[in-house]
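Presented sequentially are two complexes of chain A, the first with chain B as partner and the second with chain C.
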Partner chain A sequence: MKIVKDGIRGSNNMFGHTHDEHFSIDCFAYKSKMNHWNPTYKVFLALVTIIMCLVLNNLFVSLFVIMAMTYLIVVKSGLNMREYISVMSIPFTFLLLATLAVGFDFSRHPAGEINMDLGYFYLITSKRSLLEMFRLFIRSYAAVSALQMMTLTTSSSEIISVLKKMHVPVIVIEMMNMIYRYIFILLELNNKMKKSAHARLGYCDFRTACYSFGSIAGNILVVSLKKAETYYNAMEARCYDGEYSFLQENKKTEGVHIAGASVFVAFLLIIWFATK
Partner chain B sequence: MIEPILRIRDMEYSYGNGEMALKQVSLDIYKGEKIAVIGSNGAGKSTFFLTTNGVLSPQRGEIIYNGQEINKKNIKELRKNIGIVFQDADNQIIASTVLAEVGFGPMNLKLHKDEVMDRVDEALSYMNLSSFKARPPHYLSGGEKKRVTIADIIAMKPEIIIFDEPLASLDPYNADMLEEILEKLESEQKTLLISTHDIDFAYRWAERLIVFANGRIIADGAPIEIFQNREILRQANLKQPALLEIYESLVENRILEQDDIYPKNVRDLKKLLSNRGTEEKHEKQTD
Partner chain C sequence: MKSRQIKIIILLSILALSAGITPAVSAMHIMEGYLPPRYVVAWGILCIPFLAAGYFSLKKTLQRQRKTLTILAMAGAYMFLLSSLKIPSVTGSCSHMTGSGLGALLFGPSTVGILGIIVLLFQAILLAHGGITTLGANTFSMAIAGPFAAYAVYRICRKLKVNKKVCYFLAALVGDLFTYCVTSMQLAIAFPSETGGVSASFLKFLAVFAPTQIPLAVIEGLLTVITMIALETYAKNELSYLGFDVGVKINVKE
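Now for the complex of A and B:
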């Protein structure tokens, strides 16, 4: 078993209950030192930053955004640098693979500045397209890191409440809330069933493993249907009448934060002007 | 005469499959009573609770709460005043923070937000959960989850609180804490109904015992009388509490004299035994 390895679980007793096998970035938000910031502020800061990155389309603006977001997450929010890198490595790889298509091209003829003979065709590229690829990569990476800043510091329930304020349809909001709560219950259920299948040699060879997997999936469906009913009963028992209204802690927006965001946006614009 | 707070008459309920889950259930509950509901699995306890709270509507019979007959229109009154703490905390907790979870009930009562906040704060400090406010329920331990579900109900300030097998899946430490909470609620004149399989707990705690078997109430009365009635115990597949059995065998073997006051816990029994010791010494000295 490798339970105590992760910093989040091992070193911090704050979260008594752990889910052995899956590790969720979910709990970063609850541990974050920026958790007490106003959620609407954080969501808007992320949105504005993303829009600036995309609209200004400037390499230096993007680089500055990446630096600023890293600063926020690592210094202000208190996330370990190593954990941050491991979280960001997923979008990093994804974006790298996606932008490769912009930088490189295939051709029958050696038409580019740099050509690589691959027998039937050439892998071609040019300084311009490599630079274009780099710009695109940095731009989208900056946008993603702004988004990560939001998710790593704001709990899902708060993000949902901000969406509610933005008048996203109630049905979507309610489903988001319920799904978010139920993901963890079903994950835990899956975990338990998997363990008990393991205990009975349910994964001894490929065929058996497939069979076990299928049975567990089917079983989870049945159990979740059953749970839905008891769940509804429990909600009705507490006077639920079709409207899902949750209490939310009021987190005031501090003047310093507003000022900080304004300075940040102004700085982005200055960079843009200076390097245009 | 004191009016019962809740009066149930000839209540019947059957699930879709035609099987009767409750048959001719009638009882009166008075304010401040401590009632243990016992009976084997599937005897109808949970169904009884859900109908009492108004979640399931019985096919027959009537429920009168505080002199007011309950119908479709005022069923909310019932849900408002009778709270259920469900057996499995994961089936009850719906919100993604403790604060929102405990606030769910009061919010549904359409109270003002400040009032909701006050009630939630009160319930959380009552259950010693104040530092857990912003925590999501999936990072809580079993005992903590249970406490959250109790805070859920306390925040709604019901007159009657029903606990559906609260002791199941609690470790001894948390079980002790639960009993402390029950004592606290009792001192506030709340009416408490607890279903349990823990016979010793029921004997120790309850003032009144209701025994379910096959959807019927087969006995309703003082715990000591019911636990001495072998016929009822046999029908409901129950055993005698260990303490009662010990006491009876002590009496049988003439170590203790039969008394009207039965010992309810180990401390009482020890007291009886030590009293007897001093009496004997006393007798010897007078001889």
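Now for the complex of A and C:
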């Protein structure tokens, strides 16, 4: 639990992300007030929203999606606005840089509408590509918001159970269930090893840091293989027959939610028709 | 200052800035909602044969030896961990390893493919890196193209009797660079340049990612060598357990 707290506290800076972030996203899902909603419903709502953002490819639809998803996460799910911003800052920086690359071109000749002389070549762009860049950014951001709505309110094990309902092969589901659990074990292991390396001045300069990194990575693999054997024996001892079955809360889909989703999708289509 | 000097300073600061905000591009994930629907479907379909091959090889391995299940799951968790580890870098920015080179060396490329898509899905869910609709494109570049290139380079170098450490280094380096080229290509096909089409756009994306990706690939190569040395020193048994030197993916015999 301590690690989880550190993760949230550490993610206060707006740009740049801490590496305990993964703990916090999962933790937010458990704390969320939307946690009792039906997971299948949430996953499908997110998927439909993302697909509509992509297929309709409309600026106003995307803006509306961003607003609706922010409302769901901040008001309905009860996530602190500051925490929400810090979670969204990672995809935000990703997107900003990636879309900048789409908006601008490099050329040896001033061939665009707007040219910036950089000595050996020109940074060129046009109003059209700037607009295109803006639309792409908003579309992507809307899709990311929808995805975040899902991940910030639905725990990973529930998402896996939805995949199981969608008939993803059993082996893959089993692997996912195990990988999900092992990730946390390995992360804790890594934190411990890093701490002891720090305590022994393992990161005093670049050379030593590289050496420490390599040793930790190698060591974790060795320990993880040993653990894998222990877990296998433990599972066999408990009659593992190739399929995990977890006791899951039965979360009913409420009529209000279905109605809300239908109105939402209808509204997106109306916006699309109106601004086409 | 002369105008030329000012330009050089501007250019240098852009470079420095892009190196400073490395986390954004280092992982090379294509974000959710970034690709148009056509390419979402196309890259997804392109992944299917590789994933099916990975799935069947996984199934066969499990039928032969059930014990590998936990080992493979650990391998997946290990790949996730590798890709979320902050690697030491000079600028103080945080960059991540892709881990695909090391993964391919240890577990074989077809296994990495099927584990890779699970790891990428978890990265989208837990870390907000990448996305669901871009899962196909990301899987292709990071879990299929990169590992296969790394593995091919490793096998070729071993055949040519190159020094082992050089083999590891080259495999990880080429795996990384190939991933970076494939991602640039994916972006270029989806967003061709207005003036020069796909090829100009490809060069542009290569150039944009180069200042962060090339040093990162070199660092990843070095780290892979260090990790492999550590493994060879302390974990000879485990390596042979993974069928490492034999060239068989995972082959456990009781």
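Just so it is clear, the second predicted complex is superposed on the first by the 242 of 276 C-alpha atoms of A that agree within 3 Å, B and C clash if a C-alpha of one lies under 4 Å from a C-alpha of the other, contacts with A are read in each partner's own complex, and residues count from 1 in each chain.
One rule holds for everything that comes next: contacts are C-beta pairs under 8 Å (C-beta built on N, C-alpha and C of every residue); 3 or more make two chains touch, one makes a residue touch a chain.
Computed from a predicted structure; not experimentally measured.
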**Asked** Looking at the overlay, does A:Ser156 come into contact with chain B only (first), chain C only (second), both, or neither?
**Response** both
**Message:** In the overlaid three-chain picture, which partner chain does A:Arg238 touch, first (chain B) or second (chain C), both, or neither?
**Reply:** first
**First (chain B), second (chain C), both or neither touched by A:Thr275** = neither
**Asked** For chain A, which side has the bigger count of touched residues, chain B or chain C?
**Response** C
**Message:** A:Phe246 in the overlay: touching chain B, chain C, both, or neither? Say first, second, both or neither.
**Reply:** first
**Message:** Let me test your reading of the model: by the given contact rule, A:Ser196 touches which partner, first (chain B), second (chain C), both or neither?
**Reply:** neither
**Request:** Kindly classify A:Ala217 by the partners it touches after superposition: chain B alone (first), chain C alone (second), both, or neither?
**Result:** second
**Message:** Per the contact definition in the header, classify A:Ser86: touching chain B only (first), chain C only (second), both, or neither.
**Reply:** neither
**Message:** Per the contact definition in the header, classify A:Tyr30: touching chain B only (first), chain C only (second), both, or neither.
**Reply:** first
**Message:** Contact-wise, after the overlay, does A:Phe94 reach chain B, chain C, both or neither (first, second, both, neither)?
**Reply:** second
**Request:** Touching chain B in one complex and chain C in the other: list those residues of chain A.
**Result:** 15-17, 19, 26, 156, 178, 180, 185, 227, 231, 235
**Prompt:** What does chain A use to touch chain B in their complex?
**Reply:** 15-17, 19, 26-27, 30, 35, 155-157, 177-178, 180-181, 184-185, 188, 227, 230-231, 233-241, 245-249
**Fill in**
Counting only contacts in the complex, chain B reaches chain A at residues 50, 53, 55-56, 76, 79-80, 83-84, 86, 88, 90-97, 99-100, 102-109, 113, 116-117, 120, 133-141, 144, 152-153, 156
**Sites on chain A touched by chain C in the complex** = 15-17, 19, 21-22, 25-26, 47, 50-51, 53-55, 57, 87-88, 90-91, 93-98, 101-102, 105-107, 111-112, 117-119, 124, 126, 128-129, 136, 139-144, 147-148, 151, 156, 159, 169, 171-172, 174-176, 178-180, 182-183, 185-187, 190, 203, 206, 209-215, 217-222, 224-225, 227-229, 231-232, 235, 242
**Fill in**
Given the complex, residues on chain C that touch chain A span 4, 7-8, 10-11, 18, 21, 23-25, 29-34, 36-37, 40, 55, 58-59, 62, 66-67, 69-74, 76-78, 80-82, 84-88, 90, 93-94, 102, 106, 114-115, 118-119, 121-122, 124-129, 131-133, 187, 191, 193-196, 200-201, 203-205, 207-208, 219, 222-223, 225-231, 234-235, 238, 241-242
